[in-house]
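Note that chain A is present in both complexes that follow, paired respectively with chain B and with chain C.
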Partner chain A sequence: MSTSLRLRAGLVSIVLLAAFLGIWHLATRSTGTTTTMSPEYAKLMGLTATQGKSAMPGPLDVGAKLWEHLKRPFYDNGPNDKGLGIQLAYSIARVGTGYLLAVLVAIPLGFLIGMSPLLSKALDPFIQVLKPISPLAWMPLALYTIKDSSVSAIFVIFICSIWPMLLNTVFGVASVRKEWVNVARTLEVGTVRRAFTVILPAAAPTILTGMRISIGIAWLVIVAAEMLVGGTGIGYFVWNEWNNLSITNVIIAILLIGVVGMLLDQILARFTRMVTFPE
Partner chain B sequence: MTDKFISIEGIAKRYSGAGGATTTVFENLWLSMARGEFACVIGHSGCGKTTVLNILAGLDAPSEGAVIVDGQAISGTSLDRAVIFQSHALLPWRTVLGNVSYAVSSKWRSWDRAKVKAHAQTFIDLVGLTGSEHKRPSELSGGMKQRVGIARALSITPKMMLMDEPFSALDALTRGTLQDEVRRICLETGQTAFMITHDVDEAIYLADKIFLMTNGPGAVLAEVVENPLPRDRGRTDLHRHPLYYALRNHIIDFLVTRSKTFAAETPDHDPRNVPLVHVGKPELTIASDAKPEPSREASWPGLSRPSTSS
Partner chain C sequence: MSTFDNPFDPDRNLRTGCACGQHRSAEEHEQATALRCEPVESEEKRYEGVVASAVMRAMFPQDVARRAFLKSVGASTALAALSQFFPLKTATEVFAQAGAPEKKDLKVGFIPITCATPIIMAAPMGFYSKHGLNVEVVKTAGWAVIRDKTINKEYDAAHMLAPMPIAISLGLGANAIPFAVPAIENINGQGIVLATKHKDKRDPKDWKGLKFAIPFDYSMHNYLLRYYLAEHGIDPDTDVQLRSVPPPEMVANLRADNIDGFLAPDNICQRAIYDGVGFMHLLSKEIWDGHPCCSFAASREFITTAPNSFAALTRAIVDATAYASKAENRKQIAEAIAPANYINAPVTVLEQVLTGTYADGLGGVKTDPKRVDFDPFPWQSFAVWMLTQMKRWGQIKGDVDYKAVAEQVYLATDTKKLMTEMGLTPPGSAYKSFAVMGKNFDPAKPEDYLASFKIRKGA
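Here is the complex of A and B:
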């Protein structure tokens, strides 16, 4: 029953994809009018004017280009022409660094806030004000103080991924079932051991959910941050290809951003499943 | 009272409500228990039974008064007093063995893994869960979960066991079996036990002494009823004992009417000297003690003679 459901769902997915690609292909076919002009003028005008080709690349163009990229993901022909693999690696490294720093700060801090009603009340106004700030708004301040564009991008990732983790950790720690804490208390378990043997496992699913939200936001923000910072990364690649008017490369980059984002989310989802306990 | 193993001395619990008003759940509560005794507390919801238990466990502190266990005033929780929670409170990410081992390794920090495991296994076997050691709580039935709770409480070999309506969430059959287990274990190990219950039959079967509490707020311990049934009573023939209905009716009468009217009817109630009630055979009780209510007296009225123990 469930396999047949999966099979049918897969079939529908394939049909939808085929329909989308088909419509895309039809919509970008060469149907425009061509005008006759002098060859030199035609060179300036490009294929749209001379052959009636759509300015928007079709799925076949994108597929061919994608294959080219996949064949050579790591070439490096200088600052403006690097393989997609290198660009993605830069982005993932920045996200990873900023995100891990945020984990190191948010989870211990969230633990403290969650366990201490005083800290929770005292820090609440700061968190409430800092949380809704768009991470990119920090960029000028980061560039001015850090004076390094690459580190600034990491800082922006750090600041955007810290909030969901912090708030979820606080919530998870503060809402650990009283009876589990009481079990530890009646067994005279010390605070540190209690934190690791009762509160951490009980709050782990909530904390991991926060981490999963954070990695998603970090991956959203890195593209924008790299467009501003420039130099390397998939966000820079998108902007550079837009300046090159290579819509094909832009579409490929969009596709890859989606795939990498999905993979990051799936990794965190797997971790979440590992720590989730049935009740 | 010769041996006061547990002595609750004049404790009170007050909560400050809105606008400086304080709610007194109970005050000036005195209660004592001998070593190896099984006591049940019966009273309506809101009379502070659970608060008394939490204070005994050290999970809650009294606003006034002190609790003395084995000659020492308690402060906070202790491994000497094990709690069996109503909701079993097993850690769901640990297996049966993991849950019991957690308690064992909390008591004996220096024990190695094998010793902890062997000790935990003994108590898992004791409650009849052999073969389910590696199951997680979510894979167990309600009765099995509570068995793990009992094994966990027993595994730290406490001086006393505190039980907060441990069987109220179980079906009647499972409850009966577990009552048998708890009675057997307590008799075998000479465990002192303090149990909160709503179930009159459970109290009659298990308890040596039954503490009756009036309705809250401002609840008091009204009487201590001594269980007249023989120590080797069985669950199946309990109701055939000549004193069973007298005892049962006495408790039910208390719960139905006297728990409400007790404070008004007994203005000279001395909370330090709570009357110890011996329920006698109806033929032998003196009728003048009872309220004149002929229709009830015709059946088994559960009359009793309060007598203050000295």
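Here is the complex of A and C:
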């Protein structure tokens, strides 16, 4: 990408952002006092009712609130009110645990299935049925059987992020070029050694693509799971602020969820680039 | 007569008759005044009163003799004389210390609504620590989640809608697990809110085809709304739509025009008014003054494995409820429970709910100090009424042993004992009759009551 193209793209991005913020600001301006009411009554009412303030907060409100959160991200006011930094840390820890468990199961299993065409065919219908199940559909079952909400949340992450990894590993392993495997055979390389020195490097880009899809799904799932289970995490924060109908905080949380999701994705993208090889 | 009156008052009768003179016996007086958590200056004073009463009673079995003694020497001399040879202070201390709790660190779940006021305020205002417990109150996402977390023992006890422990014990919408209610949280404090566009549609007879939200199927809200509609000739199953919606989403749904109104717990009702999307059609108090709403519940298993913790927890809740029942404390409570750690709502909204001076959403300011009230006694007749409504709307099929279920779930006897020990005055009986929209309910004849309704499911 040439420098001038990058510059121009950046410029367009900034213009788009400014336009978006501008329209947002105009659309959420207050309309001034709508109806006349006695001051005694007005004191008991919210700004939406008294000053015609839009129920949607404007970009300035969100910015001010965001700054407030960023100034003290790690405060702890008891079990139901913690800083955004702490909430995000809880969510990332949950996602990390569930995701790592899924990696530990999916990659070895995918390897085995991929190396055996019979198993691959036999297990395919099960995987296809389990793959599209929504995380929230697992939640009641998990709560009922595991009887522990935080473990249930991790289980839901696990069960939802395992399928893309498993499928990609199976696919990657199964589609290693026959020539390479045959060359290894001719050189009398043992099965284990063949798996690690020939198949793994060849399948690695596909496996990592699966892992990248999975981390995205895991991060999508955590918000929903925490909204249901409550207690801690960014999903709980969204729910708690929704409870208070504080749309400002909900927007901030949405923004942060997007940023963290992007970071997680970028980390995996970097790993993928590391194992990619030119053919 | 209250247990924590001054026992050294010569005019006070410790045994028979009644303090106000309007009733033939103390029992009658107590029934008439039912439970009013009366003001006491301090916990120690109250316990001291209870102990001193007992000592005076033991020393002077004859009331006449006690009065004569007090009249002749005066109350302060009597107290000094008594303290000389009887260690009143020590006795009071010993009395106040119940059995040591088996488990001190407890988790109690709550839903962020004003019904949970005693459970919530007991944490920041120190009622749990006063009774030797270290309680973490945990905000929970919804009624089904609070049920599951309590059943799974993540919570030791929890805030539940009053009919929920009955439903769980009967295995309705859950596996049958015996639950018990040692204390009711709040009475009244709910309301029917309609969208502002319906402000000329105040007669329920015109409500055919409207959509209403309730917080949960096993809730007083569901039964009260159904009762109210049915009394006005609207069949809640066929003429209107009732949806279970989590309370915070009710306001958003009302704004989005997805529902026409709701019968919801407070701070949600007031919140809809505060945000200018609805108006207060009716306080639930106007349907049934003194109806229970939410309860404090624990599983039987917790009660049997940690009886002292459970007793201390109940004492803390009863204590907090007594404190919350006093109007002068309400503003302070509103401030204590408003932060994000607890209810997470604007203080103005909570103040309007708790003090009962509120904007009605139509431009007027109304005052009703009993809009919400707090009274811990778990009347078993409440449970019987809920069972009749569960059966009326098809939640229970077949025969119901009303009394047995009520007595198993609503622990009136234990709470009564505990309240007496705390120096409060529990009512004499666990059953009382009351009127719902002018229609009397006799807890002794639930089947007749049920049969008297024209509108019911599968009659």
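One rule holds in what follows: the second predicted complex is superposed on the first by the 275 of 279 C-alpha atoms of A that agree within 3 Å, B and C clash if a C-alpha of one lies under 4 Å from a C-alpha of the other, contacts with A are read in each partner's own complex, and residues count from 1 in each chain.
In this text, a residue touches a chain if its C-beta (ideal position, glycine included) is under 8 Å from a C-beta of that chain, and two chains touch if they have at least 3 such contacts.
Just so you know, these numbers come straight off a predicted model, no measurement behind them.
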Practice task
Look at where chain B and chain C land on chain A after superposing the complexes, then choose clash or fit.
Solution key: fit
Practice task
Return first, second, both or neither, reflecting whether A:Val189 touches chain B, chain C, both chains, or no partner chain.
Solution key: first
Practice task
After the superposition, just quote the angle formed at chain A by chain B and chain C, using C-alpha centres and rounding to the nearest 10°.
Solution key: 150
Exercise for the section: Identify the partner contact of A:Asn240: answer first if only chain B is touched, second if only chain C is, both if each is, neither if none is. Expected result: second
Practice task
Name the contact category of A:Ala55: first (chain B only), second (chain C only), both, or neither.
Solution key: second
Practice task
Once the structures are superposed on A, label A:Trp180 by its partner contacts, choosing first (chain B), second (chain C), both or neither.
Solution key: first
Exercise for the section: Using the touch criterion from the header, give the chain among chain B and chain C with more contacted residues in chain A. Expected result: C
Problem - Which of chain B and chain C A:Pro79 touches, first, second, both or neither - result: second
Problem - Touched partner set for A:Ser116, first chain B, second chain C, both or neither - result: neither
Practice task
Please work out how little space separates the C-alpha atoms of chain B and chain C at their nearest point after superposition, in whole Å.
Solution key: 51
Exercise for the section: Residue by residue on chain A, keep only those touching chain B in one complex and chain C in the other, then list them. Expected result: none
Exercise for the section: Mind listing the chain C positions that touch chain A in their complex? Expected result: 112, 123, 136-141, 145, 148-149, 152-154, 248-249, 251-252, 255, 271, 273-276, 339-342, 344-346, 348, 352, 357-359, 363-365
Fill in the blank from the handout: In the complex, the residues of chain A that touch chain C are 35, 37-38, 40-41, 43-46, 48-50, 55, 77-81, 143-144, 147-149, 227-231, 239-245
Handout entry: Parts of chain A lying in touch with chain B, wherever the complex brings them together
Key = 177, 179-180, 182-183, 185-189, 197-198, 201-202, 275, 277-279
Fill in the blank from the handout: Counting only contacts in the complex, chain B reaches chain A at residues 57-59, 77-79, 81-83, 85, 87, 89, 91-93, 102-103, 106-107, 136-138, 156
